[in-house]
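Each of the next two complexes has subunit A plus one more chain, namely subunit B in the first and subunit C in the second.
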Partner chain A sequence: MINTQAVPAPETPSGRRLPGDLAIWFFILAEMLAFAVFFAAYAFARAKNVEMFNTYQHTLDRNLGALNTFLLITGSWFVVLAVQAAHKDNRPAIARNLLLGWLCGGGFLVVKVIEYAAKFGAGISMSTNTFYMFYISLTFFHFMHVILGMVILTILWVQARKGVYGSHDAHGLESGAAYWHMVDLLWIVLFPLVYVMR
Partner chain B sequence: MQFKSQAVAKPYFIAAIGLFVGQILFGLILGLQYVLGDFLFPAIPFNVARMVHTNLLIVWLLFGFMGGAYYMIPEESETELFSPKLALAMFWIFLVAGALTIVGYLAVPYATLAELTGNNILETMGREFLEQPLPTKLGIVVVALAFLFNITLTVLKGKKTSISIVLLLGLWGLAVFFLFSFYNPVNVVLDKFFWWWTVHLWVEGVWELILGSFLAFVLIKTTGVDREVIEKWLYVIVTLTLITGIIGTGHHYFWIGTPEYWQWWGSIFSALEPIPFFAMTVFAFNMVNRRRREHPNKAAVLWALGTGVMAFLGAGVWGFLHTLAPVNYYTHGTQITAAHGHMAFYGAYAMVNLMMISYAMPILRGRAANSNKSQVLEMWSFWLMTVAIVFITLFLTAAGILQVWLQRVSDAPLPFMVAQDKIALFYWMREWAGVAFLIGLIVYIASFFVGGDEKEAA
Partner chain C sequence: MELLKNPAHRAWIILMIATVVTWYLGEVGAAGTTSIIAMLLIAFVKGRLVILDFMELREAPRMWRILLEGWLILVSSLILLAYWISLT
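Here is the complex of A and B:
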């Protein structure tokens, strides 16, 4: 059921193959399930108190949220370029694009810290109310995932500089890239849900 | 066996089984005290019997883990154990300390025991599962450190496999989290908060790593499936365990005075805790179905499959039953918890130890597997004990549902003892299921003494 080695996965009947290792996909699915349950809990709690959620949602900085969305999507784009570069054996471009992706992640963290500083400075905590409890919990869990994603990108970058990846072997690179796209995807759900949707 | 020093596992396994018998006998005494309140009073009061029942469980599981590690690590590391003498010395220290502790529980009132053993120097006693007197707790630390020293150095001087790394992670975690048993703040909220760092992070955290590692080892040996495949599964299981189990601690923080957000965090993360157990079941069945050889030890394979299924049911499903805060509001501290506890401990930890013993003991006794006759008897004991625990769990669940209804949900709630009287029938049925369990355990022990056509050493 699980691939055993760093060889490309067997082609499916449609000729498509699963990029990366099946194990990372189990991991990604488990992570997404955890977030899905969290999102569902948010929806459940909001449904019971729509007005309160709407009131406090107004206090969030949607511009910073949008900037962060832009940063993560751009970061994912660079990582896609890195994987494509590997398939084309363009070695220098792999490391360069991974670094650019990493910098986008770093930018996300900086923006998020500015946002947190304003909120915590105003005395808001997880015990303030249910909306802020969800806002802080969800964004903080996601924040930690961005950090983990950046650790993975760092490892990929180091490996790429050693010339490990190329058209003969992009298995590890694809696995790490898949994780980074998940971090991005989660934010694309989280941002509208917590910051925008009324 | 491949390495002479693996033989130190044998006394650990024998002691584990001996203490297991003690645990079950005290379980039967306890079960009877539920319905005949003054049974054996004042010689063995309920609180003492309960303490002995749960402490023996923990100690025999620890003996099993240590024996399993001493057996497995030399084989995984492909080298002799760093110091078999140290392992044997620790065995006797641990056994004597454990026995003295139990004698202490039974011989003198608990308060006197506390006074005699210097609880006033550092107050650590009087908390559920961590009732051990200070000298015992210190003894556990010494034994654990010597054990870890021995195992770690063996791994360091030999081959480092994923399975032994995961085991080391689990065992070091076990030792580190035990240190919280020495931390007993006056504030009762903080006390409970950190108490769970030992209790929860053991059974729903680091012990699961030990379980996964033992299971992976026995599956490699009995199925012949590639190590790479098995290790990848192990990684997935470890990750899932840690993602769900660590913050899942929050399901104990609902009503003890911690901030309200724990109700969300605890519910969400612990709701996902069945997943790693489910993965273990799928793992075990998948590997056995893809086996490349027919191992002569069928009983060990049965235990491996059994531990997957029963851990999923007991820890996963029965845990999920009452893990969500709105449900737990009504069920906490009722027989629902007891039902979950019985099946989870048996399924996850008793069975994985029995699996390891089943696999290793014949080899330690100089054969690849026991005779057919002996294995048939062992499989009978598997089914007797497993079916008995299923019934114990079902009866306790029924008792728990009634208890919740009569005592907490109904319009005219009954006092605790009145509700207990009304559910006595289920306690009687649980006691009979317990007797069946004891019979299963006796059959299990008997299987060690049945000879016949033993399989040649591999």
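Here is the complex of A and C:
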């Protein structure tokens, strides 16, 4: 999906253009549908156990959840700046912004590990109750997507350092960026749903 | 305001403010129908900014905009439906 040889998404006669490769958008859509099912499963499971979900939601660290929202949004923003830099042929800014975006992702993982350490340290596991089962599996599923996003950003950074991207070709960069923004988009729903809504 | 001419900068500022609002609603212990609807609306606005200004789908073929924005509406509706069921 970050192969620069991949077929670019077709341009429509109206001049409307889909950034990146068409394939990545189908992949993103499939991922988003999987998360939609997961989010709905959480919401409907909660409907059957409102008191229990509300009680245990109080044990989650909302500050760390909000901090992670800041990190993912800012990481996404840096990656947009990398794409914009590519269109302006500002090569050093592409790699720099990708690195900054990657660091935000790294910050997210560190915060999440701190959060998990506190929960697991308190003896909480998937089998503790339905709420924690959802909390751990949903956030961990998302965690894995952050890791994949960072692997993609690493590849983009290496390619950017080689001078692959510019106004002549930014498809690979745009495809990877789109995936990274999806990770952000999913957290924007996950955070209020699991940490705040009651 | 040179800074605000770039849609990405504008989106980032709004996303930051919206995140603080959601966090604050949690701090004051907001609960119930009004706060759930408020949080879903905030998530919708945030998600839409990510789709249009970060993913840059504003100028993309309409089908893709509709698919991703439709996903936001679908997920918000399901969460709201589940919430209403929990009230009965």
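One rule holds for everything that comes next: the second predicted complex is superposed on the first by the 186 of 198 C-alpha atoms of A that agree within 3 Å, B and C clash if a C-alpha of one lies under 4 Å from a C-alpha of the other, contacts with A are read in each partner's own complex, and residues count from 1 in each chain.
As a working rule, a residue touches a chain if its C-beta (ideal position, glycine included) is under 8 Å from a C-beta of that chain, and two chains touch if they have at least 3 such contacts.
Nothing here was measured: the structure is a model prediction, and the numbers come from that model.
Legend: residue contacts after superposition of the two complexes on their common chain; A:A36 is shown touching subunit C, with no touch to subunit B. In the superposition on chain A, A:Y116 contacts neither subunit B nor subunit C.
When the two complexes are overlaid on their common chain A, residue A:P19 makes contact with subunit C while staying clear of subunit B. Contacts of A:Y56 after superposition: neither subunit B nor subunit C is touched.
Which of subunit B and subunit C touches more residues of subunit A is settled by the count: it is C.
Within the superposed three-chain model, A:F27 lies in touch with subunit B and out of touch with subunit C [touch as defined at top]. Contacts of A:P192 after superposition on the shared chain: subunit C is touched, whereas subunit B is not. Touch criterion not met for A:F143: it reaches neither subunit B nor subunit C.
Touch criterion met: A:V80 reaches subunit C, while subunit B stays clear of it.
According to the touch criterion, the shared surface of subunit A, contacted by subunit B in one complex and subunit C in the other, consists of residues 33. Of all the residues in subunit A, the ones that touch subunit B in their complex are 1-5, 21, 23, 26-27, 30-31, 33-34, 37-38, 41, 45, 126-127, 133-134, 137. The touching residues of subunit C, counted against subunit A in their complex, run 6, 8-9, 11-12, 15-16, 19-20, 22-23, 25-27, 30-31, 35-36, 39-40, 42-43, 46-47, 50-51, 53-57, 59-62, 64, 67-68, 71-72, 74-75, 78-79, 81-83, 85-86. Residues 226, 228-229, 232-233, 235-236, 239-240, 243-244, 259-261, 264-265, 267-269, 271-272, 275, 286 of subunit B are the ones that touch subunit A when the two sit in their complex.
Those residues of subunit A that touch subunit C in the complex are listed here as 12, 15-19, 25, 29, 32-33, 36, 39-40, 43-44, 46-48, 50, 54, 62-63, 66, 69-70, 73-74, 76-77, 79-81, 83-84, 174, 177-178, 181-182, 184-185, 188-189, 191-193, 195-198.
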